[in-house]
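Note that the chains are named A, B, C, D, E and F in the order they appear, and that numbering of residues resets to 1 at the start of each chain.
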Amino acid sequence: MVFALYPGSFDPVTKGHLDLVERALPLFERLTVAVAINSSKAPTFTVEERVELLRAALPADPRLEVATFRGLVVDYCRQQGIGAILRGVRTVSDFEYEYQLALTNRHLAPGIETVFVMPSVQYSYVSSSLIREIVRNGGDAASFVPPVVERRLRERLRPS
Amino acid sequence: MVFALYPGSFDPVTKGHLDLVERALPLFERLTVAVAINSSKAPTFTVEERVELLRAALPADPRLEVATFRGLVVDYCRQQGIGAILRGVRTVSDFEYEYQLALTNRHLAPGIETVFVMPSVQYSYVSSSLIREIVRNGGDAASFVPPVVERRLRERLRPS
Amino acid sequence: MVFALYPGSFDPVTKGHLDLVERALPLFERLTVAVAINSSKAPTFTVEERVELLRAALPADPRLEVATFRGLVVDYCRQQGIGAILRGVRTVSDFEYEYQLALTNRHLAPGIETVFVMPSVQYSYVSSSLIREIVRNGGDAASFVPPVVERRLRERLRPS
Amino acid sequence: MVFALYPGSFDPVTKGHLDLVERALPLFERLTVAVAINSSKAPTFTVEERVELLRAALPADPRLEVATFRGLVVDYCRQQGIGAILRGVRTVSDFEYEYQLALTNRHLAPGIETVFVMPSVQYSYVSSSLIREIVRNGGDAASFVPPVVERRLRERLRPS
Amino acid sequence: MVFALYPGSFDPVTKGHLDLVERALPLFERLTVAVAINSSKAPTFTVEERVELLRAALPADPRLEVATFRGLVVDYCRQQGIGAILRGVRTVSDFEYEYQLALTNRHLAPGIETVFVMPSVQYSYVSSSLIREIVRNGGDAASFVPPVVERRLRERLRPS
Amino acid sequence: MVFALYPGSFDPVTKGHLDLVERALPLFERLTVAVAINSSKAPTFTVEERVELLRAALPADPRLEVATFRGLVVDYCRQQGIGAILRGVRTVSDFEYEYQLALTNRHLAPGIETVFVMPSVQYSYVSSSLIREIVRNGGDAASFVPPVVERRLRERLRPS
């Protein structure tokens, strides 16, 4: 049985991410949702806040854990004895990028396999960046993110 | 732990298919490679021959079995208690077709998830139909199919 | 104000087609849903049956009519004083094919514009051919086609 | 009959934009070309300059007006009683991005439909950013933008 | 300096093909336009007719010749001392198919390189099959094929 | 016979670039690998360093030279009497971007043709940016770049 990693920036976690976790959970013995620490981007939420929102939004399940990692995804997998990387694909652009990443990771760590699952079609068109754009412009993101995230997004991006 | 189905026409099995099986085998408790019985196509090999070639080419592994099925993939999965459908994706065209198929299957059977794995890049450009075309025109397909299949393809498509 | 044509084979009409008609209807003064008479294909339903199913499935609306045409779409538009061709696009493959068709039609008839609308995301992955495949294999197509079409499909493709 | 909005950054307006307006104008009762006020980007021309260039380049037509808007496109449409959003698509990448945007807008405002029209093939490969790049490097953009824009682009990007 | 082969079915030759030949001619010492003899398809014109139409439509140039070949493209190249295969790409679907073909040919004959050139944008949306469809339906194909081909197409596809 | 230009940022040169040069060299009388001087980007290596790494990595061949250029590619080609622009394409996204660029360049300089060659499949998924990311995160890039580049990348991106 295999341990899996679901890496991402989760800035913030969306209903699309949660849907993917729910679909993938039965496939693995343990699933670690891991926030990548990437110093070069300017995120909306800090790594700590993103972890906290993930913890609040994810279902309580002994097979599920939240973590952070720095450096290459495959190095983290090797340290943790993780054999599969989980990724969602929604669009052709997603697919091409994920394909290149998966082949690069396979080259760097031949024993670790990337596994793709498709999110529910009702979340297929929403990305974290589109959601931030909606909230920044005064729109309602409640259909795209869980309530706790929706409130925090409004506080962060629409302060006045 | 999950039982998985790798459905296809396998007319004939290629090194790309074998590579995918090898990659996916550690992810599942049991993996059934299943030839779809589709009366409307004119195949190169009969269903029985395709099963025989799969048996000859696949590694001996207690988790691995070969089967045939008629009708909807999801109906066969439900009958057999299978929770995951395995598919390989290599190209954008593959991806779009598989995406539509996966969403249709999810609608028909919500509890069964389609899981995508990418074949090795060295097999990313070969399909069964391209291989048949090569053999039919006198080319050498030994890099693309296992020896037993290569011999049978030559006999079938280049008889004289 | 503009008259529009929604051409297709409609073999048979799906909920995706109906959704597109509903979305496009407010945009035009009159919308003609027209079955292309194409002698080279082997359809599941005759042209007459397809027209009958369209009539049964489409809402009663004075702006909406059902027709058939033979020959080039643009010639029919010119005969009928129609200034816009309506088409749905769901996937990248759809898009590329429709793009080539639209540019060819524009070249043949510069005054007639092709207009694209996207069907509801819940119908984005279903095509008439996938639906026929489902019914032929004993699956339930009731979510994808209106009741009258579902019954006729079962009679036609699953007679015994 | 429907009022339509053609939103964009128009930095600056190109012959491709003008071609699209000309094609779409007969389809609608009124067409508003609207510059999105987006504080986060560093534009080449100010919003006022972009409006001025649009006014200079667009044909005089009572159905056509130029505007600016802040916030969500769909909120502006609702305020103005606009029922259709016009967008041009030229490439597969355009298509995927526009598809996601259109589905998001439909979710936020179900009664407003996005309508796609294809620009003339001779403008299918030029974008505002490519045009700026050409002028910045001393190239001649006269085939891609109207004369008034060409002069202003040269002044702005090639001052010495 | 390199000899090149431009293989295809040319059923019939279009202005897009001629444009590609004109663009590629300066790049090579000799360019052979070669009709693939493919017994499994039902062509509109015989191989002999297609060769005749190519001869009539191509410019007189000592570097240019017309030929036919049977079997694998790379085998023909090797027999003729040809080092490059010329192909046109217009769309993403073209690209994916040609990519797979080029990688397969490279595997079969490592010393022979496939070279891609893009046809003029005004021919980017026309294919031989679309042209046949236009003529069959009574449309005018004179903008897409040279006069000699246009006449022959009309005789063949619109006999009455 | 034709002189060709292979323009790029080469920040730094990869095995994919070297593979493309090796494949394209027999096709041309002279091949100039040229680093574009682009003041607006923040490169990892200076133009001088990139030229130096190209000189160290490229094979010694009288037909091959390294250069730099400022401004439009087509202006540089005209100054140097170069008739062909060489570009590699690996993915659909590459293809769309290169297609737009090639058509723009053709419009600006009708006599200069862009020629596409595909890199070896084993380098099809690696880009300079992905390689920089690997090295920055402590990964091993030795399979993707020549030894001299690998050492310099480590010094530059992993100083401590």
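Everything that follows uses one rule, which is that contacts are C-beta pairs under 8 Å (C-beta built on N, C-alpha and C of every residue); 3 or more make two chains touch, one makes a residue touch a chain.
Fair warning: this is a prediction, and the values are worked out from it, not measured in the lab.
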Required steps from chain A to chain E (each step between touching chains, minimum): 2
Any chain in contact with chain B as well as chain C: A, E
Listed pair (B-E, B-F or A-C) duplicating the B-C contact set, over half by residue number: B-E
Superposition rotation for chain B onto chain E, Cα-based, multiple of 5°: 120
Chain whose mean Cα position lies farthest from chain F: C
Of all other chains, the one whose Cα centre sits farthest from chain A: E
Where chain E and chain F are represented by their mean Cα positions, the distance between them in whole Å: 30
Euclidean distance of C-alpha centroids - chain B vs chain D, Å: 47
Per-residue multi-chain contacts in chain E, two or more chains: 92-93, 96, 99, 103, 121, 125
Which chain pairs touch, all of them: A-B, A-C, A-D, A-F, B-C, B-E, B-F, C-D, C-E, D-E, D-F, E-F
Chain D-facing residues of chain E, complex: 92, 121-122, 124-125
Touch list for chain B against partner chain A, complex: 1-2, 23-24, 26-27, 29, 83-84, 89, 92, 95-96, 99, 102-103, 106, 113-118, 121
Touching residues on chain E, where the partner in the complex is chain C: 91-93, 125-127, 130, 134, 137-140, 143
Chain B - residues contacting chain C, complex: 71-72, 74-75, 92-93, 96, 99-101, 103-104, 107-108
